[in-house]
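Please go over the structures that come below.
Common to both upcoming complexes is chain A, partnered first by chain B, then by chain C.
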Partner chain A sequence: MTTSPSATAAFPAWFTTRQQAAWGRYLAIPTPKRGDESWRFSNIKQLDFTGFTRGSGAPSATGLLARSTGLEATSAKFVFINEILAHAESELPAGVICLPLAEALVSHSELVEAHFMQQETRLGSAKFAALHEASLTNGMFIHVPNDVEIPHPIEIHHWLAGDNTVIFPHTLVVTGTHAKVRVVEMFRSADELQPGLAIAFNDLAAGPGSKLDYVAIQAFNEVSRVIQINETAAARDASTTGFILNTGAAWARNESLSRLEGAGSRSDMLAVSIAAAAQEYDQRTFQHHVSPGAFSDLLYKNSLYDFSTTIFSGLISVDEGAHHTDAYQTCRNLLMSDTCEANSMPGLEINADQVKCSHGSTSSQISEEEIFYLRARGIDPAAARQLIARGFSIEVLARLGDAALEALVIGFIDAKFASIANGGS
Partner chain B sequence: MSLHIQDLHATLEDGTEILKGVSLDIPKGEVHAIMGPNGSGKSTLSKVIAGHEGYLVTSGSVTLDGQDIFPMSIDQRSRAGIFLAFQYPSEVPGVSNANFIRAALQARLPQGEELDAVAYYHRLYAKMDLLEIDRKFTARSVNEGFSGGEKKRNEILQLMMLEPLYSILDETDSGLDIDALKIVAKGVNAMRSPDRGFLLITHYQRLLDYITPDYIHVMAEGRIVRSGGPELAHELEKNGYEFLKDLTPA
Partner chain C sequence: MSYQASATLDAETHDAISIDRSKGDFTFPERNKLDAGRGLTSKTVDYISDVKNDPQWLRDFRHRALQVFLDKPMPTHWASPDLNNINFDEIRYYLSDGEKPKRSWDEVPDDIKRTFDRLGIPQQERAFLAGVEAQYDSEAAYSNVKEELTKQGVIFVNSTEGLHQHEEVFRPWFGKVIPTSDNKFSALNSAVFSGGSFIYIPKGVKLKQPLQAYFRINSENFGQFERTLIIADEGAELMYMEGCTAPKFETATLHSAVVELVALKGAKIQYVTVQNWSSNVFNLVTKRGIAMEDAEVRWIDCNIGSRLTIKYPGVIMKGRRARGEVISIALANTGQHQDTGAKMIHAADETTSNIVSKSISVGKGRATYRGQVHIPKHLKGCKNNTECDALLINSNSRTDTYPAITVKGNRHSTQHEASVSQVSEDMLFYLMQRGLNPGQAMSLAVNGFINDLVREFPMEYSVELKRLIDLEMEGSVG
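This part shows the complex of A and B:
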């Protein structure tokens, strides 16, 4: 790919400088290769992005806007088509900044600068994070001041349109002390057949005692590729939830890092992935306990059909002095075919005392006894398997604690199962 | 019109014969009970009738109102009117009890026809009330975290919702305290009708104090070795299975 940063005159100097530096890093960092630990089991061939270019001109928005449906109740809703803002509406409490990044870079330059891409990308995609940083033209900046609670979720739609188009969606969410916000992002393709590439980054900075929930629904078409990098930092007593659903894309790489910076902070890291046909989901996670008394709980669930592949590599790392850490990590794979492949690499690094940590990974097929039970109630084998697989996936959603949001995610899950039942992926 | 079992032989996958010629006729309107010591083949009989794939039927027949059930799959048998209340019901995480029962009812409708949701919940709640099952169980995952008694009541709830022609209750009384046993019996008794037959499999006589059977059969070593009226239960309660020693071939 040959996209270099095209300096937008309006952007502040610090940003232009960072974009140029990022481009230099992108060029300097070698492309991951087979044998790199952070790309173990990965299909490195997917990293050849030759041929992808930015969309030329603004695609027609009318059809996509009509398809940009989500939650009934939102406090703000934004629609981007190839990074270009196509729709914005919001009804937010006073003091909240919720703007397209291109606008916030101008109007709230210092605030954006203070939070923009502050953590080191350490799970393998530093090169692509640099490319993202160098190339992004827009995104969302959400800043919720101290003691402000946003009643309904902020909903963001990202559409990938055109043949071999690349987009760099960026979402930066910052919460002040005791603030509360929930952000829901949906990533989709305008067309089912046009290959696309998304290198997305979401950066969540939860201030002291705040509650920051982030939900990403990745439902690109099945000829697209995606790298999604999540970086979460939780200050003292902050609580963060990150959830990602993967039903789309031919290949998706998720890197999710939660840094428990403040004592008593909490991070829930959740994912549901349903892979079919030859889809490949590659997930790398890092629970970084910096301060004492923090809690992190990761639950990733994969259902694998056909020839699909999943990779889960997770690390819990407890720094020196992060005593009384509670950290849990579970990856569960449900194998729905004999030809799928689930790879799991859980890991622990503990350098503190009085720590409660556990990690576990299981891979199993649906038990014959369970199938027998459902069939003994008259449910045919295909429906029984689907009911069980659906149950396996949606069990995670209860942890979102929001019925409307659960229903939205279930809608995407059911669409995927319907597609699998019809012989697609 | 009956569930008719004729000289049924069945083995485990490894060839071990468990059923060694079971014959039994359960006409509609009657309740039959099978008692017998552990390992006599009672549970195997129920699973073979339901179609469990872990057993191989080597000879004999089972007919439902004259129709051979062996060519039918597990789910076809259920839809044809056979119900097995499990001794150990499976847990189905993430599938709510209400959706599970709904899926079972939906499976009985012709292609393209949708179950009426309002009528469904109305009926479901009525049966739950009769079985003293809290409403919150509709949203809970099937059998997950249920106590033994809750699981068995849930089996009877499914029976009441699916209205099968022939119900086989495999040790439904095990794991039940006396209160739960009475509730389960109430559910079964509510379902008794001239259109339905029941086969109760039990280890103890106490279930039969609350569901009075028309006939009692004693099973041992894969065969029915004795049959009689309800009074047989009391005799077994008093004398145990001692008499089997004389009946069982050495």
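This part shows the complex of A and C:
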């Protein structure tokens, strides 16, 4: 992590220039420190990334390819191991561009340039976004032209392999007018014991009247660390959904920013996190209402076991003139041990009139009555608690409105609960 | 009709809004014999210590605090950058006529008497107060407490007197609830404080009538730094009310108080503030109470005046079943930023806290709620409820909410809810259809919004509050 990016001859000049500028920014921006508002309650020690290096040589793909299973019906499927493309298949309507970023940078240079990392990272990780920009070598570029609907999800697998390896997965999705696409990304480690680092970025630009859904499943091994930064922009009447599942990693930081740029646009921001052992999930969100008459709804649910910690800091910001805004934000923490810690900072900044905004945050344990009710039906207390916790988490999934996708996510959730029931990882 | 249309305040509206403050907007010539001069150095601190005949430990305390104040950065990384407009070198830190507080109203110098007469203090006192203290710039001008209370052992004096005559009660708690280094402004207060009240209520004494203090700034560029310490011994109960006014000077004025409350086992303290500083006062106040077993501390806080208020009354619940509560009403008009909130630190089992905050933003006013709730992991059965509601009157009004809630362990429950809304067109239409003009309709709706909180104030205050709100609303609509 101490080397500057080396220009890949094949990449266009604008990209090389951007990477060099980003490296300069990375070096110039100070490391977050205690007392920074956007890192309040965070464990700053986790930001020491010394010792991580890029993987040397391509790891064996065969075993990982076999494990790269997901949805039954997909319109495209890509597998990356340490940012290197290991598998690609697609069956997409004409005109759709769905390519590894390294390829798209060459074949669709201008289109990528127009959309590539156009926004300033505002939720605290500007330094790491710069590092990501300077260092990335690959990723996905998806462009859905006007009026094209992709029937099944595009599925992307990212594997992190090798000891102290760092990866920079990048996903850029752009939809044209009235287009429709759903992208599912899975982040996993090849090995359960090797610590890794992922600094991932997903950039979603939904064109007018389009529908863009993005699902991220973060299930790295429990010794790895992750920073995931999301930027969503919704144009007029566009509808976007962003969903994150956190079950893996020792420490994960999620930053999600939705910008409601067009009138009548909509953003659903969803997350389920199940933290156990000493896992720390640090989530920052921003619902930025730029235009009038837009709608945003955020629901984050955390279940906390053992010594785990979660941080939720959300802000609804309504610009001057963004009247008739509807914005909601809910964070619920289910406390499953007496040593876990939930921090919530739900915030509002309203500069407009005729708005309907609310936020709510709760932290509580399962009530004795609920346990009693299930015990009365012959379910033992441990199973009863698990059942309620599972129901608590999967309630969010219904908002995805897709049974197959729901089943995929539930698979990861159940695997996590099973690992907790077996005494942890 | 559209109330959104009134984006800027016309002259008439402005006059209507300014009416309420005129009650406090008058000034008398300064006749200060003691003046620490402008600016803050260790000489200023020594001057204050000399004048007040401080014991050596307090002089050292002040000097240490000055160093902390100078070392701490201005907290503009989260608070309003308007703080940078305070010129600490222009401020006068101590002004006094050098006379002892008067026990009888007749002895109070004429212009000070007229000041408080205009604010209606003697009538109030006769009517329903158990004791009163009136502070004029740095020192109390008048202080009185009913005789039977003195016989019961109630102490109600200014902080200097408390320190000199009751050191055995005063010193153990002084600076313990709010340490000097708590924040930049508590350090500033610790360095230069003068005035404020010291109250001690003995075991089991329950005051039926409230104690009251008035704070008055009369001199331009003056910084008022009062320090209040209230101790309610086991089973004691009291209500304390404070009111603040200042004339409207050309330049900004600073008020930075520290208020510490100690409620010992089973005691109850209610602290009521109606803050109506003129709109160029920086009001940066640290208020915190500590509640022992079964004790209760309630802050009832209403902020209508000032240019910038930063104030988060807090309760540290240190004993089992202790209770903390903050009821807060803030009204921010054009040119004002009310940055208020609450801090609830749970430090014992089965402690409960409640925060209800309502704010109204009028014109270009900005109301901010900032809160902290902390429940550490070794405790059980702690509960917190937080509600913040904001009402926006005009299209360029602004409101923010920034709560922070930390819960460790699974034997607690917290809930936080916030909402932002406007007075609905339907409601206004309904009221106007019944013959109210738009202003009356808006006033009624706004009063309805805060009605359940206004009831928490003592009756005289709630009537006053309603009237103030009527005035603030007049002309904001149309």
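As a convention for this text, the second predicted complex is superposed on the first by the 423 of 425 C-alpha atoms of A that agree within 3 Å, B and C clash if a C-alpha of one lies under 4 Å from a C-alpha of the other, contacts with A are read in each partner's own complex, and residues count from 1 in each chain.
Everything below uses one rule, namely that contacts are C-beta pairs under 8 Å (C-beta built on N, C-alpha and C of every residue); 3 or more make two chains touch, one makes a residue touch a chain.
Note that the structure is a prediction, hence the values are computed from the model and not measured.
Once the two complexes are overlaid on the shared chain, A:89 sits clear of chain B and of chain C alike. Once the two structures are overlaid, the count of chain A residues touched is higher for C than for its counterpart among chain B and chain C. With both structures placed on the common chain, the touch criterion links A:349 to chain C but leaves chain B unconnected.
In the superposition on chain A, A:192 contacts neither chain B nor chain C.
Touch criterion met: A:333 reaches chain C, while chain B stays clear of it.
With both structures placed on the common chain, the touch criterion links A:388 to chain B but leaves chain C unconnected. Look at A:376: by the touch rule set out above, it reaches chain B but stays clear of chain C. Of the two partner chains placed by superposition, only chain C is touched by A:361; chain B is not.
Of the two partner chains placed by superposition, only chain C is touched by A:320; chain B is not. Comparing the two interfaces of chain A, the one with chain B and the one with chain C have no residue in common.
Of all the residues in chain C, the ones that touch chain A in their complex are 4, 77-78, 377, 380, 390, 392, 394-422. The touching residues of chain A, when paired with chain B in their complex, are 367-370, 372-381, 383-384, 387-388, 390-395. Partner chain C is touched in their complex by these residues of chain A: 35-37, 40-41, 304, 320, 323, 333, 335-365. Contact residues on chain B toward chain A in their complex (touch as defined above): 50-54, 73-75, 78-79, 83-84, 86, 89-95, 99-101, 103-104, 107-108, 141, 158, 162.
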